[in-house]
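These are the structures, in structure tokens.
Look for chain A in each of the two complexes below; its partner is chain B in the first and chain C in the second.
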Partner chain A sequence: MTGLFYFTMLIALLAALQVVRGLNAVHALLHLIVTLLALSLLFFLLGAPFAAALQVIVYAGAIMVLMVFVIMMLNQGDAAVEQERAWLDVASWRVPGLLCGLLLLELGYLLLAPADGGRVRAVDAAAVGRTLFGPYLLLVELASMLLLAALVGAWHLVRPLKNRREGTSDD
Partner chain B sequence: MTEIPVEHGLLFAAALFCIGLVGVLVRRNLVFMLMSLELMLNATAFVFVLGGALHGNADGQVMFVMILTLAAAEVAVGLALVVHLYHRHRSLDADRLDVMKG
Partner chain C sequence: MAEFMAIAIRAVAVLLLLVVSAALLTWAERRLLGLWQDRYGPNRVGPFGLLQVVADMLKLLGKQEFVPPFADKPVFILAPAIAMATMLMAFVVIPFAPGFPLADLNIGLLFFLAMSSLAVYAVLLGGYASNNKYALLGALRSAAQALSYEVFMGLSLLGVVMQAGSFSLGQIVEAQRDLWFCIPQFLGMVLFFIAGIAESHRLPFDLPEAEHELTAGFHTEYSGMKFGMFFVGEYLGVILISALMTTLFFGGWLGPVLPPWLWFLLKTTLFVLLFVLLRASLPRPRYDQLMAFGWKCLLPLALLNLTVTGLVLL
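== the complex of A and B ==
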């Protein structure tokens, strides 16, 4: 069980690395989906089956489908891969990668310094629902308003392309 | 459920977050930057679920649902912006967006 946990973590990290250094957008997206599925398995192992199901259905399902559609609309072919290869040279990798590595080392040092581990306990979906619609009800309302704002914002950003280019004022 | 030290889970989340951070800093393609942002959001969501499992209450998963909502809103607006900018500039290069001038 513990070995399964570390193995899944390893898969998630390797797939995340492939996302960051991938050249083809669709391949990177597939690796991102692998990362999300690995995280879902981790949630399940942590005793959070509701979060695991939501991760698969909403994240790996709905949100990633949105990204697939947009990548299809942008229609990037082999030329885009060549362009990515030109953009992603070692000189641009070096400094941010080094700084983030240092940050990670520091975080690891801080996390591993005190040693008082705890046991994880399973939380089922009913408890999540009671908490979500009990003390956090206001947060749910705010989230719905956020989603509405995102919907209106996305619609507004994409809609007026055609009218603006043609410059028509009468319709 | 599973016998792993909490520090290792946090370390995993930190590593995932740093990978996403490197992606946002290094990549110039807007689509890849959005994907790296997703990685960072997932790392934080993992920490919330881990904390909820550690204390045995549902607050962690509630925050996970909120992060999921936030990610959906962010991806919707972000991808709409990407489509718009691609139609206008014929490029996904983030460095070319300095022509916006506020």
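== the complex of A and C ==
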């Protein structure tokens, strides 16, 4: 099991690196999807099957589809790849590299520091539901209101432009 | 190790069985369409034309494996593999008989939803990588259609989950010992079936590949075995949705006298035939009609079903 975990972690890391390094936007997105799937497997191995399933359904299966959808419509060809190549020179790696190094140090410190009982505990769907509709009920409701606001906003933007068109001369 | 081998043998057996039955389904569909449209269908190769499947496969394998020079090559090759792999993966959680799903996950139903949402990539990437206008339009339609119909596919299944109290398909079947869910969840069943047709891109919801306006939609540039994989993927989708209809709403392997696996097979076959009958009898709607039907009619119904089920259970 531990071997599987580290192997999956390696896949996630390599794919994530490819996302950043990739020149072609669609290929980079594909690597991002691989990263998300690997993360989902990590959740599963850590005893959270419900979170793993949601990770695939929501992130890999819905949000990323929309991103691929939009980038596909833009239809960036070889010109965009050339531009990316020009932008991704060595100098642009310095600051992100530094930040990643700091994160790595932090991670190393956490791993070496005495652990406070890192036991794996399975979390099933019912447990997630009880938490969401128990202590976090208010936050869930607030999030749903936020989504409703977004929905109303989207509807406002795409509503039929009857009134607006009357003002301009229609050819 | 022996345990692992047993699981591996099971998995390979199910895999082979599925691919063979998907291939046979191409023949069965053409014969049945012939029957319903008052003509013969393929009846020359072998007894009842059964070897037509072999002939078709030889033809597909014999074709040149052509990748258009303007295509995005790795993605072009990846797309049909995704189409077949996601569909085959989803069968892992289907209980064919008591204690015989390949993996009895306690999130079985969610696993199916996850696989069906990943299946969108096959069409989307196939259309993108082809670098062809028809393919791109087909892929765009398909993505929009799949995303919309996925929403209430999930919602229509929640009623079943609430009544059975579990995401595990084995436990959902067990919960139907007294009464099949097709009666209390009638609305959910109808909604799931419609969503299932849309998910597997079958007529009347095959607008991503509507040949009268998009030549062949997302697989315009595909030929040979790569096209064959899209094709088999589609038939696997039909079998998958039929198997899920059986499992979720019609008692799965439950039934008197006959052995459980035979019950499962019979019920699933019935739904596969229903898919073919729908293709033979229904016209294709316009694309905007399809989307409006989904969002304005089916989504509210799915929410209503969910609310009523919740009220009854409380």
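In the analysis below, the second predicted complex is superposed on the first by the 136 of 171 C-alpha atoms of A that agree within 3 Å, B and C clash if a C-alpha of one lies under 4 Å from a C-alpha of the other, contacts with A are read in each partner's own complex, and residues count from 1 in each chain.
The working rule: a residue touches a chain if its C-beta (ideal position, glycine included) is under 8 Å from a C-beta of that chain, and two chains touch if they have at least 3 such contacts.
Keep in mind the model is a prediction, meaning the values are calculated, not measured.
Engineer: With the two complexes overlaid on their shared chain, look at chain A and say whether chain B and chain C clash or fit.
Structural biologist: Because the two structures are overlaid on the shared chain, the partners are seen to fit without clashing.
Engineer: Would you sort A:Ala143 into first (chain B), second (chain C), both or neither based on which partner it touches?
Structural biologist: first
Engineer: With both complexes superposed on chain A, which partner does A:Ile11 reach: first (chain B), second (chain C), both or neither?
Structural biologist: Once the two structures are laid over each other on A, A:Ile11 reaches no partner at all.
Engineer: After the superposition on A, what does A:Glu84 contact: first (chain B), second (chain C), both or neither?
Structural biologist: first
Engineer: Of the partners chain B and chain C, which touch A:Val70 in the superposed model: first, second, both, neither?
Structural biologist: In the superposition, A:Val70 contacts chain B only.
Engineer: So, A:Leu32: does it touch chain B (first), chain C (second), both, or neither?
Structural biologist: Only chain B; A:Leu32 stays clear of chain C.
Engineer: Return first, second, both or neither, reflecting whether A:Ala127 touches chain B, chain C, both chains, or no partner chain.
Structural biologist: Touch partner of A:Ala127: chain B, not chain C.
Engineer: Have a look and say if chain B or chain C is in touch with more residues of chain A.
Structural biologist: Looking at chain A, the partner in contact with more of its residues is B.
Engineer: Can A:Val19 be said to touch chain B (first), chain C (second), both, or neither?
Structural biologist: First partner only.
Engineer: After the superposition, pull out the minimum Cα separation from chain B to chain C in whole angstrom, please.
Structural biologist: Nearest C-alpha pair, chain B versus chain C: 14 Å apart.
Engineer: Residue overlap on chain A between the chain B contact set and the chain C contact set?
Structural biologist: Comparing the two interfaces on chain A, one with chain B and one with chain C, the shared residues are 50, 54, 62, 66, 73.
Engineer: Help me check something: in the complex, which residues belonging to chain A touch chain C?
Structural biologist: 24, 26-27, 30, 33, 49-50, 52-54, 56-57, 60-62, 65-66, 68-69, 72-73, 75, 124-125
Engineer: Name, in rising order, each residue of chain C that touches chain A in their complex.
Structural biologist: Counting only chain C, the residues touching chain A are 72, 74-75, 78, 105-107, 110-111, 113-114, 117-118, 120-121, 124-125, 127-128, 136, 139-140, 143-144, 146-147, 150, 154, 167.
Engineer: Of all residues in chain B, which touch chain A in the complex?
Structural biologist: My answer: residues 1-12, 14-16, 18-23, 25-29, 31-32, 34-36, 38-39, 42, 45-46, 49-50, 52-62, 64-66, 68-77, 79-84, 86-87, 92-93.
Engineer: For chain A, which residues count as touching chain B in their complex?
Structural biologist: Counting only chain A, the residues touching chain B are 1-2, 5-6, 9, 12-13, 16-17, 19-20, 22, 25, 28-29, 32, 35-36, 39, 42-43, 45-48, 50-51, 54-55, 58-59, 62-63, 66-67, 70-71, 73-74, 76, 84, 87-88, 92-93, 96-97, 100-101, 103-104, 107-108, 111-112, 115, 117-123, 127-128, 130-132, 136, 139, 143, 146-147, 149-151, 153-155, 157-158, 161.
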